[in-house]
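The same subunit A turns up in both complexes below, where it pairs with subunit B and then with subunit C.
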Partner chain A sequence: MGEALRRTLPVIVVVFGLLVVWYGAAIVADLPAAQAAAPGTAPAALVGAALALERPLVPAPHQVAAALVGGIFQPITSPHSLVYHAAVTASSAIVGFAIAFVLGIALAIGIVNVRIFDRSIMPWIIASQTVPALAVAPMVVVVLGNAGLTGLLPKALIAAWLSFFPIVTSMVAGLRSPERLQLDLLRTYCAGSWDVFARLRWPASMAFLFPGMKIAATLAVVGAIVAELPTGAQAGLGARLLGASYYGQTLQLWAALAMASLLAVAAVAAADLARAVLVQARGGRL
Partner chain B sequence: MAPVAVVANGLSLTFGSGAEATQALEGVDLTILRGEFVSLIGPSGCGKTTLLRAIADLERPTGGTLLVNGMTPELARRQRAYGYVFQAPALYPWRNVERNVMLPLEIMGVPRAERRELSQRNLQLVGLAEVARRFPWQLSGGMQQRVSIARALSFSPSLLLMDEPFGALDEITRDGLNLHLHELWRSTGMTIVFVTHSIPEAVYLSTRIVVMSPQPGRIVEVIDCDLESPRPLEIRETAAFAAIGSQVRRALHSGTSHG
Partner chain C sequence: MRTAAAPLAFGLIVLALWQTLCMAFHVPKILLPAPSAIAAAFGQNIPMLGADFVQTVLRSMLPGFAIGSAAGFLVALMVDASPFLRRGVMPVASLTGALPIVGIAPIMVMWFGFDWQSKAAVAAVMTFFPMLVNTVAGLEAPGAMERDLLRSYTASGRQTLEKLRLPAALPFIFNALKLNTTLALIGAIVAEFFGTPIVGMGFRISTEASRLDLDVVWAEVLLAAITGSALFFGIARLERTVTFWRPAFQFSTEKDMH
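This part shows the complex of A and B:
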């Protein structure tokens, strides 16, 4: 009991502190609007009114929670269902992550094995990440649209764009991680390059891959949302964010944001689960 | 076929070139017969590890000739003529003990059933059959090094090359492993080349001791070590043991005094 309390107490204190700051900010930001709506209200009632506005400048935590819960428990067919929008975003994030995963690992293998690749491709990979995805997204959509590709794939490609970088870099580091000694050992067995890859470089890279995968998973979610913003998407958390901000529906906006972070948490949890499975298979360590 | 395992003639090996060049070996002549236990001893930089690595085709000599089992070191390596035990166990942490021992067998294409049997037998040989399912990090340093010996023995090489395998271990563990290694050598009849910087270890294990000195790395003296066999650890308290030990010590001193 004491141990559990000692672990959770810091978390509770931080959450409590954040809530206090948040409520403070909401009151300060929304008080003028509440006053304008009902001039001459007593100060105590005014605070209550400020925290219950329909379109607050800064919504209070309980309002966001209510909007989130309300959005989640809509029928899934409703355009207000956050589960529906999250599922749309998640599907392009998952496909995007899968593309990034395969492409990232393939590129890393190329970079580690072919010297020319290292020199020629790595600068482009880095350059690709300096281009803002938001600027690239409409171009990708238009170009792919002309080629007859619409729907999920353009969004997935933008998610993959952001997501492949941490996979490439962590895999390159991982595939290069074996020490001289471990390579010499294989040389004494006269092992071919396939054996060096499959029995040493690949398994050694796993400890490096998973931290990169965690970052990649969250970036896939971000990429999927970003891809929905400029493409005029009708569904998805990005579309929901854009619509809510266009119409000044702050509660809807914050609820969609909260849903997006829940989605990112789920993505990280999935990466952690994959890691746990491998750790289990390796007897308790990666 | 002549019972010769390793022959070096005027062997030299230089690292780097120009002003940066280091003469790691110079004019090394050495013949190691099959079934011998030969120790290479000397201070750091005397080229003992380099000589072992050259035999293993992990370094290329720059002069002289070197033959392993009557062929070039490269050909010998391709025929998997030797097992190599490094200073560190170099076990793969993601493989359990049994699968670490099977690693060379997998690479050499040994069928699964036979792999398992060979791994089991060689773990028994180093007294570790009961930890086959454990992972390296669950074992002590001494046990890990025994696993690496089992791994080197798994494909029954005729030659075992060992580079200060017990250097990082405590005295008591080391004694136990020395006893074990001597028994292993006696029972298998394999040829062992063993790098060490411990005089008692060299005298206890060897049939011949090659004393080397640095700058440039060369052989100062080759000392016969004809103690009885089997050798209990107590043999280290006998006069014969002490006599060989002081002979090695004198050779080491003469090697460094004009170096």
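This part shows the complex of A and C:
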């Protein structure tokens, strides 16, 4: 009890402090608009009006929460349903993550086993991260559109590109993590390179894979959202963000952003769940 | 030099293959321009690329990068002073690492207008949290032995910070700076997708892509890649100079990336 409180109390205090600051900012920013809408209102009523504007400059937390809940509990066929938009974004994020996962692990195995791969490709993989991949998103979408590929696949490829890197690097580090001593032990058992891989390197790499997977999961969501921006997509959280910003619908905008955050948190939670399942299967250790 | 040969050879092979395939199969320009076409587009559009560079990198990205990183560092020092605050702020700050922060771009455009200010704001927010989290973690890095030694010298809190904990945090801080160069560039470019004056790398990429001028788009991407790499390696270089005492830099001559 004491330990749990010691941990959670500071977090609660900080979150509460942030909410207070947020409300303060909302009141300060939206007071002029409320005043302009109804001149001569009493100051107390004015604060209430500032926190209930339809298009506030800074929406109050409860307004965002209401817009989020309202968007989630729409019928799923409605174009205002945040669940529908999140599902569109999630589907390209998931496909992209799956592509990155398979290719990333395959390439990591290649890099660890084939010396020339390591020497020639690894520096390019690191260098590729200094390129702002999201900037390439519009081009990838347009190019694949010209090639007749529209819909989910171009967005998935952008998500894959982003999440590819953390998977490769964490997997390379993981496959290389066994120490000399452990490798020597296997050699004394006359283990072949396949046995070294299957019994030592692969199991050892899992502890490294999951932190990379969490980053990759977030990046897949970010990639899917940004891929929806430049294409005039009709559906998806990115399209929702763009549309809301076009028409100055601040509450919609913040609600879409909150939904995107929930989706990203869910993606990380899924990676954590996968880890927990593996730990369970291995009898409590990773 | 020998270590650069293999990646260089690989890069040249890819370029040569790309050029040959484009020429051999007459790949249409709207699918994939040949490297020579991209180089030509780069050469012909130097003034335009220069203007975009000034707008996106010098006006938007670098101020945002500087403000976000500096603010993250200062807040980290404040948070570090109070164990209560540290336990409260760190979980919240770490959580932001999982959030699609770049999505605040439309909000910043609404608040700060179409010009560079909104882009700098996105870059600042994106770079703030990695610096905060890394600096706080770095200040925690020294072990009990080092702290006890300084306590036996009756060093004050400030002296411990200056002589032990800040130097120990430097590798973490440089890590955040390297991460932040890419984040700030992404923030500045993506924010331009939400509305800009008619100049800037993100603006150019999205408009030229919709006009199917893909060689110009590739030239902008090349510029972004050069900018990103130059900043990354510049900071890596600075890191080597400033934290020369780290074993990773003293004993290895080959792997200077990590």
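The rule is short, and it goes like this: the second predicted complex is superposed on the first by the 277 of 286 C-alpha atoms of A that agree within 3 Å, B and C clash if a C-alpha of one lies under 4 Å from a C-alpha of the other, contacts with A are read in each partner's own complex, and residues count from 1 in each chain.
Operating definition for what follows: a residue touches a chain if its C-beta (ideal position, glycine included) is under 8 Å from a C-beta of that chain, and two chains touch if they have at least 3 such contacts.
This structure is a prediction, so every number in the text was calculated from the model and none was measured.
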item	value
Contacts of A:Leu181 with subunit B and subunit C, given as first, second, both or neither	first
Which of subunit B and subunit C A:Met139 touches, first, second, both or neither	second
First (subunit B), second (subunit C), both or neither touched by A:Gly283	first
Which partner, subunit B or subunit C, touches more subunit A residues	C
Touched partner set for A:Tyr189, first subunit B, second subunit C, both or neither	first
Which superposed partner A:Arg199 touches (first subunit B, second subunit C, both, neither)	first
Touched partner set for A:Lys155, first subunit B, second subunit C, both or neither	neither
Residue ranges of subunit C in contact with subunit A within the complex	3, 6-7, 9-11, 28, 30-32, 84-89, 91-92, 95, 97-100, 102-104, 106-107, 109-111, 181-182, 185-186, 189-190, 193-195, 201-202, 205-206, 209-210, 212, 214, 217-218, 220-221, 224-225, 228-229, 231-232, 257
In the complex with subunit C, residue positions of subunit A that touch it	6-7, 9-15, 18, 57, 116, 119-124, 126-127, 129-136, 138-139, 141-143, 146-147, 214, 218, 221-222, 225-226, 229-230, 237, 241-242, 244-245, 248, 250, 253-254, 256-257, 260-261, 264-265, 267-268
Footprint of subunit B on subunit A - complex, ascending	181-182, 184-191, 195, 199-200, 203-204, 206, 282-286
Subunit A-touching residues of subunit B, taken from the complex the two chains share	56-58, 77-78, 80, 82-84, 86, 88, 90, 92-94, 96, 103-104, 106-108, 134-135, 137-138
